[in-house]
Every structure is written in structure tokens, then in C-alpha cells.
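A short worksheet on the structure shown next.
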Amino acid sequence: MKKVLGVTLGILTAIGGFVDIGDLVTNALVGARFGLHLAWVVIVGVIGICLYAEMCGRVVAMSGRPVFDLIRERLGPRTGLLTLVASFLVTLLTLIAEIGGVALAFELASGVNYLLWMPLAAFAVWLVIWRVKFSRLEQVFGLMGLLLVVFAVALFKLGPDWGELLHQATRPHPIGHEDWSTYAYFAIALFGAAMTPYEVFFFSSGGVEEKWTRRDLVTARSNVFVGFPLGGILSLAIMGCTAVLFLPAGIQVGTLGQVTLPVAVALGKIGLAIVLIGVFAATFGAALETALSCGYTIAQYRGWQWGKLVRPREASRFHVVMIVCIVLAMLTLLTSVDPVLVTEYSVVFAAMALPLTYLPILIVANDPDYVGKETNGPLRNAFGLVYLALLVVASLAAIPLMIITKGGQ
Amino acid sequence: MRRAVAITLLTILILSGCGSPDQKLRSAAAQSARSAASEVSTTRLAVEQLRAQHLWTRSAGQIVKDAEKGVETAASSFSAQQPSTPTSTRLYEQVTKTLDDAQTAVTAVRIALGNDDLAAAEQQLPALRQSATDLSRIGELAQ
Amino acid sequence: MPRTPDTSGRVLHAQLHLLDRQLIDQADGHLAGKIDDVELDLDADPPVVAALITGRERITARRIAAIDTAVTVVVEDLDLDYYDNWVENHVIAKIPGAGDATE
Amino acid sequence: MRLNDLLGRRVLDTHGDVIGGVADVRLVQDGPMLVSMQRALRVDGLIVVENRATRLFGYERHVGPELLRRLVHWRLGEVWYLPWDDVEDITDDAVTTARSRTDLHRLEDFARY
């Protein structure tokens, strides 16, 4: 019984933890501009993250080694350093966006400028990392993030023409004033938002923090194979809401207020309250995850003591990295750069850093030294290779498309 | 001789790839109009939802504040254009006026919401709808 | 068919199994850096691995306790935590709650 | 000698021709007894690859997605195993062997572990 509870809790946490500012903004933006004509990318992205997160979970459960250990071991110090710099910068950019997101949620609820909320949000992120136990932090914000289910409720309440939505979803091509270059650009953005590298850093390091062993494989797999797809459905619901409400009205999404507006339209003030709490939980939880991931990647590359399972003073360099990152995020936001814009770019840069992150995972998930008999079967490897090819294509196409479309305009 | 010069000029113009100045302006107008239309419709939606008591005044105020900034950006990016033919000058003036109207309406709503004056905000609804229609029409001028 | 190499002992590859692996302190299980290089004594008979290098420290081969997905070593008097201790004493220890377990 | 200096070093055969570069060092744990009651890691030989890339990703052991392994091997060219007894000399820029290129053993021909 206790076990079932644990598994359920893990799944719920995974659903809530899946959606972050990147998913919120990108899905809403794409829904408003392309309807559901890009929905397939979310599905492709979710399958990809399931595939690779499962490999990470297996490697952690069988060997106790988190992802960045593998990256340095298999790619060596030089290529490893390149991967570190790329994925660290993307994660830092995401942290900036998440802290900005928390502040924007407060701005919407209070009408007080987000720049005033931001230092408070940053401090709260640090305090929680400093003082709160890992499992608690994961559960509280994961469960609160579940409130974003309100997007799915709102979609039903808006009473869309389901046939029309299905029609859009099954026709993968640009519409209206969009052309193939913006279509491809936002496909990469959605892909990057779903497969963003910090998810595997956090997932695998979290496995070490919670001392996973072979027995926890079931938990790890159920989190991945049930939790993530349900999180993906949440993403699609967000896209559906803006597709129904904004696409016909010619409204483009550029602010967090617009992201939450469909819920208010469908469910009124209560809906708005729920969605704002959900957005706060999702972005705050993701801010914790990205701040921790900044520390995890550097500490694991250098071999420093890391993790929240020891007292802060025993992992001093790990904590210093996180403090520096949070301060950097705060300073960046103080230049009054638009957090939503930072989000839009962060997901595209994420797509660029993906191949080097995922290659070592695929290699090690086949290595009996790490996973014993639990190596990848031929089917997993075939999928793994297809996704690796997709990641390489997305990574190479990201910058040229960013230039051609002027950042998706 | 003259003909050769004309042909050369035309070739350069075509090769340079930016099309005629008229076309360039039309495309800039369409783009600015589309993003302004988006902000105007957002404002309209916010006011309607406020009237239906689906939004808090604070949140609606924030949404409209952001929309106002968006319209300003669209208007100022278009006003930086350089019309060089009589046709473009006419278009330029017309689009600038439509963008100005949009800006006025959105600003009026922002001020009304700032004063907690829902009635004044609702009065702008017809203007917002009209403005969105006009902008959408300009938005169809080019890709 | 060529002669099969002598495989009476466990076979490892220096680059694959040692280089860039995580070091673990046997005493408390703490992470203690990466193996940045391996020192080979090729003049000995037979030639052997003489030491593991991490940062500026040299860990002689007799301190190696186990080689797995990470390498466990007997640290004792080696100062592998020099920088971590410096940061701890100058920064982290000054923040309230640094020595407490999380709740 | 440091491993990082040895990896990537040119390997010359008995005629002085370059046959490749050092990619890894095979160790066998059957050396002299150490204080910690463990045997020392004895250097058993060198893994030499034709195209001098230093990263094998562990693929000499026949693991990994088949396609990826083939791709890596295709880049590496031939992979040979040079037992320590056949290593004649190690200088600052090259490893020399008494064998000639034609009678080198391919790593694949040795028993896997």
C-alpha cells in the first residue's frame, strides 16, 4: 500500500513538474499562431524525453552515477567541458526565465510591478534550496503544479469544435501569414521545451539524492512513462486553449497575462486564482530544479561533493555555484529584460545543446559495466538513434532558422 | 542609352530582392498592424471579461498595461519607415492614423482601469472593435 | 589464432575505466574529485599503474580500495578537500544554517 | 609516465612507418601485491587505432547500439592490440614496435572479457 502511494505520488509530481515557464509560454504562443498544426511536435518531444529519462533513471538505479558523470567519462574533459558550458548556460537562461515567471505571476495577482517581486522570488528560491529537504521540495511544488490541470478543464469549458481541433492536429503545415521557416523554428522551440537538458540532469541527480537502487526501477519507470505523458497532455491543453480563443481573434501571445487569460474566460475569477497558483508552483518548482541543475552540472563535471543529502557546509562549492547563479539571474532580470522573451530564446538554445547531452546517456545505457543486464534492447536503441538524429538536425537548424525568421517574427 | 540605364536600374532593384519601396512599406504596415491588432483584441477581451466579472481589476489592468506597451512598439516601429512615392505616402499616413487610433483607445482603457472606472473602459469597446477590424484589414496587405 | 592475452586477473582499460572517473573517499563516502590523469610506471617490472592524479594531488596505487563505476580511495592524510574547505570556511559557514541538516 | 601524454601518441612499426596512435592502455589486475591486499594494475599492452582518434567510447568491447558502434569504428579505421612485450621503445613523440604492420593482431581477434 505504501508502495502504491509512493508510486502515485511520484507520478503526480512528475506531471506537475513537467510543465515550466518554457512549456507555458511556448505552447500558448504556438497555439495562438499555428492552432494545433504543431501539436505533433509535443508528442514527439514527450516520447523523446520519456525514452532518455528512462535510460537515465536506469543508469542511476543500477550504478548510482548521474548524467554529468557519464558525460565527462565518455566524452572526456574537453568535449565534456564544451557540453558543460553549453548546457550550463542554457540552464542558467532557464533559471532567469523561471524566476522572472514567478515574479510575473505575482505581478498579475497583485498589479505590483514584477521587478519588485523578483528579488523576493530569488531569495525564496535560495532559502528553499538551503533549508528544505529534497523529497519535500519536489513533492510540494510538483503537487501544486498539478493545479495547471485547470487548462484542460478550461479547454472543455470553452466548448471547442473538437472535429476542427483534430483537423488541425492532423495537418502539419503552416497557416495564415506563417511560412515554413517560422513553422520549423517553432517546431524546434517546442521540441527544446519538451526535452530541455535540465530535466535529465535534475531527474538523474534526484535519483542519487533519493538513493535509488535496483528496487526503485519501477518507481522511476512509472514516473517517466505515466507522469511525463500526462504532463505532455497538459502542454497540449494549454496549446488548445489559445488555439480556440486567440487564433480566430488574431491575438498573439507575448505576456504571461495572455497565457492565463483563456482560463479566466472559461472559468472566471476562481479559474484565474487557480491558474495563477499553478503557474507560481510550476515556475517556482522549475526555478528550484534549474538552480540545483546549475550546481549539479558543474559539481559533477569537477567531481565535487554535491547534493542536498549532505549538510550545506559539506558541499560548499556546490552551494556557492547555486548562490552565484541565483544572483546572476537576479542581476540579469534587473536590466528589465522581458522574462517571456528570455523564455522564448532559452527553449531554442536548449535544442542546440541537446545532442551532446543525450549521446553519452545512450552509450552508457548499453554498457553492462553500468547497468548490468538491464541494457537497452534493440527497440530502445532504434528509437534512441532516431531521436539522436532528430536532435542533431534540430541543433544544427536552430541558429540559421533563428536568423532567417528574426527570432520567430 | 536611357533604356539601358532603366533596365539596369530595374535589374538592380529586382536583384536587391527587397522589391519596390511600395511593397516594402506595405509589408512593414501589415506586420505592425497585425501585432497592434493582437494587442487591441487582447484589451477588448480583457474589458469584456472584466464586465462579465471573470477577471480582477488588478489583473485586467496589468494585461492592458502590457497591451499598451505592445501597441506603442508596433506604432513606433512603423513610424520609422520612409515612404518615398506618392502611393506609399498615402499608405503611410493612413496606417499611422489607424495605429494612432488604436493607441488612443487602448490608453483610454488603461487610464479608466487605473481609476477603477469600468464604465469608461466599457465605452471604449466599440472603438476597440472598430480599430481591430481596421488593423486586420491592413494586416492582409502583405504576407 | 593469436595468443589470448593473459586474463588471470581482472581486465581494465586505463582510459575507459580510470580516466575522468569519480573519486570517492572510503572513510565517509564523500565525493573527492575526478581522476584527471593516471601515472604509469613503465620502467618497473612488470610495468604498473603507479598513481592516480586529481588536481594537484597524487594518489598512490596502494590507496585504491575499489574500482567500480566510481573509484574508492583511502584518503587519510591527503588534502583532497583543500578548495572545498576554503570555500566552506570563508563563505558557506558564515551563512546561518550551514551546518544543519535540511528539513 | 602520464596516461594523457601516452594517449594519442604515434605508433611506428619496425620499418619506421606510422601505423596509428595509442587509444587506450589495457591493464590486468595481477601485478605485485600491494599493501592494501590488492594486486597492482599491470600494463598488459596498448590499443592502437589507425586514425589516431583517442576516443573509443568503450566500443572495442562490442557494446552499444550497433549503428553507433559501426560509425565510431568506421572513423577509427583498424584497431590493433599491441602486447607490452612487442613494445620496443617509447620516446617523446612515438611508440615503436618490433613488429611490422602486416603481423599486428586486430583487437577483435582477442577474447572479449
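Order of writing sets the chain letters: A, B, C and D. Residues in each chain are counted from 1.
Heads up, the rule we're going with is that a contact is a pair of C-beta atoms (placed from the backbone, for glycine too) under 8 Å apart; a residue touches a chain by one contact, two chains touch by 3 or more.
All values derive from a computational prediction rather than experimental measurement.
> Spell out the chains that contact subunit A while also contacting subunit B.
Chains touching both subunit A and subunit B: none.
> For the chain pair with the highest number of C-beta contact pairs, give its two chain identifiers.
Per-pair contact counts point to C-D as the maximum.
> Need the most distant chain from subunit B, centre defined as the mean of C-alpha atoms.
D
> Determine the centre-to-centre distance between subunit B and subunit C, using the mean Cα coordinates as centres, and give it in whole Å.
64
> Whole-Å distance, subunit A centre to subunit C centre, using C-alpha means?
34
> Take the average of all CA coordinates in subunit A, do the same for subunit D, and state the distance between these two points in whole angstrom.
Their C-alpha centroids are separated by 42 Å.
> If you average the CA atoms of subunit B and of subunit D, how many Å lie between those two points?
68
> If a residue has to touch 2 or more other chains to count, which residues of subunit C qualify?
Residues 17, 19 of subunit C each touch two or more of the other chains.
> Identify all positions of subunit D at which a residue touches two or more other chains, and write them in rising order.
In subunit D, the residues touching two or more other chains are 54, 58.
> Taking each residue of subunit A in turn, which ones touch at least two of the other chains?
76, 369
> State which pairs of chains touch, listing all of them.
Result of the pairwise touch check is A-B, A-C, A-D, C-D.
> Which residues of subunit A touch subunit B in their complex?
Interface residues on subunit A, with respect to subunit B: 107-111, 177, 179, 249-252, 254-255, 257-258, 261, 264-265, 267-269, 271-272, 409.
> What does subunit C use to touch subunit D in their complex?
1-19, 37-42, 46-49, 53, 61-65, 74
> List the residues on subunit B that touch subunit A in their complex, please.
These residues of subunit B touch subunit A: 30-31, 34-35, 37-38, 41-42, 45-46, 49, 52-56, 58-59, 61-63, 66, 70, 132, 136, 139, 143.
> Note which residues of subunit C are touching subunit A in the complex, please.
17, 19-23, 30-34, 36, 54, 69-70, 83-85, 87-88, 91-93, 95, 97-103
> So in the complex, which bits of subunit D are touching subunit C?
For subunit D paired with subunit C, touching residues are 1-4, 6-7, 23-32, 34-36, 38-45, 47, 54, 56, 58, 60, 81, 83-84, 90, 105, 109-111, 113.
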